[in-house]
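Here's the structure we're looking at; comments come further down.
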């Protein structure tokens, strides 16, 4: 059962199969974890239903965000235990000159209170993690993300956070374009729309990334962990 | 009636309204037209139903593509009459070394016959149009697109072609990130999945672009045409 | 008399002439001013000879920097009077994870005291100016510079600051590649090496930018100022 | 004896030492060779003195180019023997719409005959090499260079070709910014100006790359060759 079953019809799924889409891009040897925009502005300071949560921050996804946070936590623990790199692309507070198209399409996004920009404590960065402030959907656009990943020698990106249809999707498309292998643990990303969430998972799965249950991601990471270690490279 | 009504529930649409998404980003004064990937490989050499069409090219969207071509034609005529710039981001034939993630996710895409790469005659480029060969979803990634648009002084991009959930979506997100105003005439883009097409139009409309009927786009362009001309700048 | 006369031989200058290099790229209508890295770390807190100044900050250029600051001030005043955009690409304090190649080539650059990162008061930013923190030589690399300039509709960049052979040069090459017109007022850029300063001005003048005396730049800006104003575009 | 001795004074070299510049960035384990713009347009169809050679192609560097080609050849052989990747960033013939700033600064560059775009036979690409057509100085700007290098897992770039003060310099700055290790074999790059060539080698050596004799580069490559091979990664 895929997250998009019932939303993308069986016929359309067959059409993609027939056209040859959706093959696995597979795993490399040097994974890095991206936790995108998991700040209180996207989940609220406590877990509340969507309609209550947007009263605190209009950008909150509410309960579905907190469920994803609970799924990211064990994945993060796996990375920490292996001392694999963890990167936090995140939205920085807006300056007066940060307007442009974003301020026109989503004006409410320009006036989020400072608390909203704090990282959610359950999966917050530690010393040594890489913070990537960003102003655009993709974590690669106008950031040093590619430079950090090249320095780390990362070849496989595990992408979590929000929103599935926004910054996660934008980041995944750029990561694919840069030729990183991309994995999306499907319970670790979240969105304010269930339909858009599901269709974006489908789009990514067909064209850009391997979308799979978090449990399977952790299993695959443990397989990398178990391999004989390489040298300094 | 929006193209995504019935697929994105009324409740979810209300949720976006409440959160403040989907405001218009509006029009500038210097439009440019992008016709993305309108090559025989995405529609077939003649209009056929999807399942027949993919026998010719696995990447074909079939009939829906030809309908979009018929809608792009009058829009293109409007740009030609005003001598406004027209750009053709398109997929170039693959070289042996063009592998990477794409070859893994969609191996069938690597072996399309040469005819598939020809532009569809009904909306093909003329001398003076700008050709942008590309190897990734976004027409901006690893191309001179931004340089051309800056040289032209373009401020508003009308984005057409295919697929809605692939190269159109990727291009729109990057155009938005570069702070161009982006307009998507909803009958001028096409996809092999009706559901994904609709949801991607919704995503773009909420966050990155103004999505509207082609007739309205033409009307807005005529309003720009009617304005007193500026000088050489 | 050009700044590179005596360093680039007459013969070599003739060779460039014969090969067709060094034509003017000219002025547009919408200038923007870039003041790059004019922070105390590149000039010292007071004007001192180079060898004294590097005792305060190893990255200081000393007196030549303060001379350039005095030349930037009237240029900046011209931009402020016209309310033309002013952008400040600058080096942000280093985080523990900002290593990579920079930390290897120039380790001393990683431990500059906080005062060094402050903007030099004489030409410091005001509210409404655009701050561009950067971690690489070019002000365009991994920053939102291009997005800001597109949003502003800028077509001509006047580039000042330091170092001529480092961040100025890198920024000018990228600005040229993006198809902005680039002007370098020769007394408004500075470097720790007089020879490298002169040769980099020559390189930029031959290939990427119009290099000219600051007085001439101000004259050209006054000509733009005197033109009948365009509309909202 | 460094190539810039006598052009950059001893005092200025001491100043860089004192400021902490010019440390080695070192070698990784996975080298890739870049041969930039080694086409007949930059050396002429036969080796002739500069002033004769520019009669054939105004962009030719003449004899110094042919000397560099002779030095690139054994380096290339070393890469071929190890089946390490070789990439050819090169200038593609100009289309009518390839104007912009380049056509203004160097109009002669727009009308080079077709023969000029052919690769110099002595170091020409073979099947399996990666061709990177480019329109800007840096081989990374608006190209898939970064994507190819990430796919290859390359960590160290050996940069050769021309011109030292143009495309080589631009490419080296971007490679450094992306956090690749960069090595410039000093006899394998060439330029139409001896002074600018030397100063650009100095700039790169101080800030972005390890500049060294070709013989030393080959020695270092043989050391990598001799290491026990790693697995599939």
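By letter and in written order, the chains are A, B, C and D; residue numbering begins at 1 in each of them.
Criterion: a contact is a pair of C-beta atoms (placed from the backbone, for glycine too) under 8 Å apart; a residue touches a chain by one contact, two chains touch by 3 or more.
Worth saying up front: this structure is predicted, and the values here are computed from it rather than measured.
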Legend entry - Chain copies touching (chain B, chain C) - same or different residues, decided at half shared: same
Legend entry - Between A-D and C-D, the pair joined by more C-beta contacts: C-D
Inset, instruction - Could you grab the centroid distance between chain A and chain D? Build each centroid from C-alpha atoms only and quote it in angstrom. - result: 37
Inset, instruction - Starting from the mean Cα coordinates of chain C and chain D, work out the distance between those two points in Å. - result: 26
Inset, instruction - Scan chain C for residues touching two or more other chains and write them down. - result: 100-101, 136, 142, 146-148, 151, 177, 179-180
Legend entry - Contact set on chain B toward chain A in their complex: 7-9, 12, 15-16, 18-26, 50-51, 54, 58-59, 100-102, 104-109, 136-138, 141-142, 165-166, 169-170, 173-174, 176-177, 179-182, 192-196, 199-200, 202-203, 206-208
Inset, instruction - Mind listing the chain D positions that touch chain A in their complex? - result: 28-30, 146-151, 153, 155, 177-180, 230-231, 233
Legend entry - Complex contacts: residues of chain C adjacent to chain A: 95-97, 99-101, 127-131, 135-136, 142-148, 151
